[in-house]
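What follows is a group of structures, each given as structure tokens.
In what follows, chain A forms one complex with chain B and a second complex with chain C.
Up next is the complex of A and B:
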């Protein structure tokens, strides 16, 4: 039993089977990792980035571009697609050769490790961060040296490269301005006003004004994304996809979210019914699973005393008009409630245990236990949610 | 082979089956039958699983540590005892536990390499290895953590991890935590595997008497000592239930009790006479020795000098806490007096005390003041700025003195002597506020040495 209580990822029993039924095929295509060859609904952005990089490569100059947009709008995928297209062009001889390097701020243990990463990608050489910085500086800034290909640098998760002195950002945006560097930097981040918010003036001015914003997908685009992955397969009811797309577009416009929901809907359809088609009801079930809050369900499944305590908290908040109460006040409130209900009242330490159980499931926010009766308690759900959950019985 | 056999026999013999072992336990540990039974039923047999963690709590000197160590010793259970005050950081704790794991049943070679470990992850891995190496796999290992409340000051993951060490290592480990505070005060963060709580109650008066009977000094019958102990407890039980302190005190005062018997003035049966002899002595001991103002050696020496004049001098002996005599230079004395006045007088009363043209106090204001009599002294000292201190200082010192560097350095040295308290951060020289930290008795004795009547200047006592 103890071993079952310890959470761990279940072992895979055998080999992964290749998809056979239409639903399984659909599921592999709907996987977020299965990026299609051409991204639908991002043609204009593709064009812009393509022409920007192409012109820089042709002119043998450098430059910066800042790309922003909320998560799941296809920023990184579009950039990668541009690079793929450019590489094809250079392979076929239409374009000069260039080198592509990718640095992800999230994959670095520390911002200055970016230098090490770039140097390793460029020359295969390993060095400490300081030394790598010097070497790169020399490579990009020194007037003499062999002519090189253009380097295209994709910096993903730019906001994580922020340091107090901002030297990493400064260098990355400063090198393209050197005449000999031939460096094209594509910086990708989530927030649109990142250069204005966190960067110093001299850094944001070097980043320049070539900016591009990826807007969140609207429901038509999301629908198109799903349908483009489903070409040749008749799996989804058209209403079903539209429902998923509309719901997601209303909240975030995240393409990954809509793909996840569709995948989950195929699973539900497979498990529940033997139908080959995913109906709107399946999508609705998947949406409920992903969007609904579990807190009300959690409150409804609490024990009697725990539910009483939640009610005591709400009563105390209404009584005092504050959104915070000391444990001692809640205890007296709880005792009165117990008397009304005719339930045997718990001792203070039992109620403390109840309080901590609720706090560890994050229904409450409490201070540390050594404060005892002076410990202040807040609700982590709205009090109307609590009342709503407890009234339904 | 021999050791393996002995451990095998030990495994079969407890769980309360072996009469000898049980009598041995009960002989060693008095008045704790319920708790022992409970612990033994937790422990079960050696290869049985125990609860993952047991939390034992009770007051000072109720035998928490003693019960556990004695049980471990008598039953010869593999255990590690660690004191969380000594193991002040988690690293010390881990290394102590790993390095003092007991040797297993049939441990052949014994390479004494010191294991070092600095995080929980390594600890769990090394513990598994080490337990396997010492061949303790089929026994319950007990990790006793004394003064467990100190673990709250270590990293956040220490307590939760020790509570579920059995689960994390997959070994048969039981963590026993000993503490004086209740489990509620340990809770922090996002939930624990709750330990099994076991409360050790205080000893009653009868139980205390039973235990204290054990250290009857040689040469005296247990009956005599028993009478003495019950007399002793009737005086001391009201203020102290700490067994350790009581035993110490009882032994210290016993020679005084037996004095009339030695002299031949009374017999051992003559309890009334003995009581009359010891009672005032014990009452006095209540005041002085319990607070450790006189060291016990000093106390014994005083008892040996039994003639009357020494008896009279006993209460006048120079004990440390009443040492209200302080050697200070002339001006610091005035500075201290000024600080005391500034701390305990309200600002509005300064004009009345120190201005040349002070108005007399009207009858009505006297009446109002009667209500709040001594309230300033009950509430404690209040902070005052430096210029108020200096103003009061110049008005109470008769002769003219210049505000030289010496005066200011004397103020700061009063702070470093902890006679004054500084109320603000060190950086700001211009906004410092002070508090006077000396008692009324002490300031009166200081004022007496300079011939200054401080009572006339204190708002509460005018």
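Up next is the complex of A and C:
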């Protein structure tokens, strides 16, 4: 039954309306999924990977390359673009044919399932992890057998293929070194020093020294990315894009983030005003929405007793000089504050309920268990933030 | 609540009615990715389900689901994933489910929309960095910023009748409600509840006993109902537990309170409490002096009520007379109870108020 099943989501009835206004067009282009045909600001990396894979395919040899960089720097998109370009070249006859396989560590339930994936992509047959490993071994290592096309294997999120024995990584990096394998492995991960940190010597030695690092985008590049997607559309104020780019570059240099912010800004511009242009104020609003910490606002919206409890905590911390206090001390402090303010004090059960409520939204950190009065309470916000939030009224 | 009404509103339009698949997941029910995956496949009615059974192993299920999502494009039905208790999904191993859902939403595959609901403010800090990068960082904070006037209006609207068959009764009822809620006593009660917590669930908890007390003999709501209801909500559980104790147990509690006062939160054992108790009981004729065995029994009763707690959980090693204990009562609670305790001897009240014996 399973072998015959075809995975598919039901079709939608009716047609999609295509984007009408300029803002809607901008939004579809700004979606992270709308990857452009050529990635701006990654030309050098593209060249490097292209020439690496091309030379391996031409020589009919194998090899490994390790690609690292923080999330959102265009690693996977660049590799996919290289493969697309190579496939075009091989279609037009400039290059020998090759097979492309993609494995993502996050999409596997456990590391050894990688074998099953690779085997399924290569031959279409299904097997258990152990059996798949044997079959692949035979395929890549046996000296006899027909000459095949080169296989390009992209291993995304490599760090998740780590096992205690590291056999999965070992095999994946060992196969290219076999003469008959003709396997090119492109391993992608986040950290630069992954091979040194978690791999055994014999695994990292097989990975080799062909490495490439994707640096976080700087603000000029981020700006260029947004503008390249906006070619032909006059939607953004140039200052608006620059603000978004500078802000993101200062924090992470993540291209996904900048696109998300710009998309949000177009939405805000559409909702607020009838203007066709996204101004710097809209981007600023989007930035505030996505970057600002909501804790101060949360404190300001608490009920009176809850705010009083926060103040009691700060007062107790200042009194004791520690960053942690027992609940019984806080209760005493709270009663004093209540008397000071002239409000009827809550009972201990009620205060306990208040404490847990604040803890569930993680304004406070409290000890687990039935410790009751001896439960230790910490603030999850800085005490100056609390004072600042409560003073504004 | 908000999400439900939004979904209903969306489903009203014709084009959306047959065109949306909604998948509900709850972090408390789907405690790991395998269960969540089963649930998704079941709710989407993918082809590897027969009836309500899902076939294939965990790995096969994941591949199947991902291929199903990948095969879709703009023409396939959009899927809305609603993840309640989102913070619990972030505790799954490797956050693989979240990664895959976000990844699909950020690539040109089946159009999906992931809506997470959580009470934690710092939920994005729980996400791994590659998961966080794929998360669109759109957050909607639902803060409770209603004023007291809104709160009162909310209370009235909850209690008043609409679309009731008997128009006459409904108008009389609504008038009564308005009068009662506007009265000073009820205002006071509502204000107390409002300062404690602003959330609507607290208000409903306050109103439920009020409604439940209605009967033929007592057909309309009065202000005293509100007062009663608030009193039952706001009673301290420990104080009411203290009311049920015997005089001897109360004496022990007071002795413990003095011990913690004198030795500044140091733990005590039974022998210390007993000698403190003896010191007091022998001086005052009005208090009966009990045997050690009887006092020990009373002490154990207090332990069973969890009014006092052993310092360490190892129970066997040390004799129970010498186990170190701590008191789980606040002095304010003890003094408060003694004021209201029926037939409490004056000597004991005095002893509790002063640390002299």
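The working rule: the second predicted complex is superposed on the first by the 376 of 393 C-alpha atoms of A that agree within 3 Å, B and C clash if a C-alpha of one lies under 4 Å from a C-alpha of the other, contacts with A are read in each partner's own complex, and residues count from 1 in each chain.
Throughout what follows, a residue touches a chain if its C-beta (ideal position, glycine included) is under 8 Å from a C-beta of that chain, and two chains touch if they have at least 3 such contacts.
Computed from a prediction, not measured in an experiment: that's the story for all the values here.
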Contacts of A:347 with chain B and chain C, given as first, second, both or neither: second
Partner chain in contact with A:306 - chain B first, chain C second, else both or neither: second
Touching partner for A:231 - first (chain B), second (chain C), both, neither: neither
Chain B versus chain C as contact partner of A:356, first or second or both or neither: first
Contacts of A:368 with chain B and chain C, given as first, second, both or neither: first
Dominant toucher of chain A (residue count), chain B or chain C: C
Chain B versus chain C as contact partner of A:110, first or second or both or neither: second
Which superposed partner A:157 touches (first chain B, second chain C, both, neither): second
Chain C-contacting residues of chain A that also contact chain B: 2, 5-6, 349, 353, 357, 360-362, 370, 372
Chain C-facing residues of chain A, complex: 1-2, 5-14, 16, 32-35, 70-72, 106-110, 113, 116-117, 157, 160, 190, 252, 254, 256-257, 260, 264, 289-290, 294-295, 297-298, 301-306, 328, 331-332, 335, 343-344, 346-350, 353-354, 357, 360-363, 370-374, 380
Residue numbers on chain C that touch chain A, as the complex places them: 15, 18-19, 21, 33, 44, 46-48, 50, 55-56, 58-60, 62-69, 71-72, 74-79, 94, 96, 99-100, 103, 106-110, 119-122, 129-130, 132-134, 136-139, 141, 143-145, 192, 194-198, 234-239, 306, 309, 326, 328-330, 332-333
Chain A-touching residues of chain B, taken from the complex the two chains share: 152, 166-167, 170, 182-191, 194
Chain A residues within the chain B interface of the complex: 2-3, 5-6, 349, 352-353, 356-357, 359-362, 368-370, 372
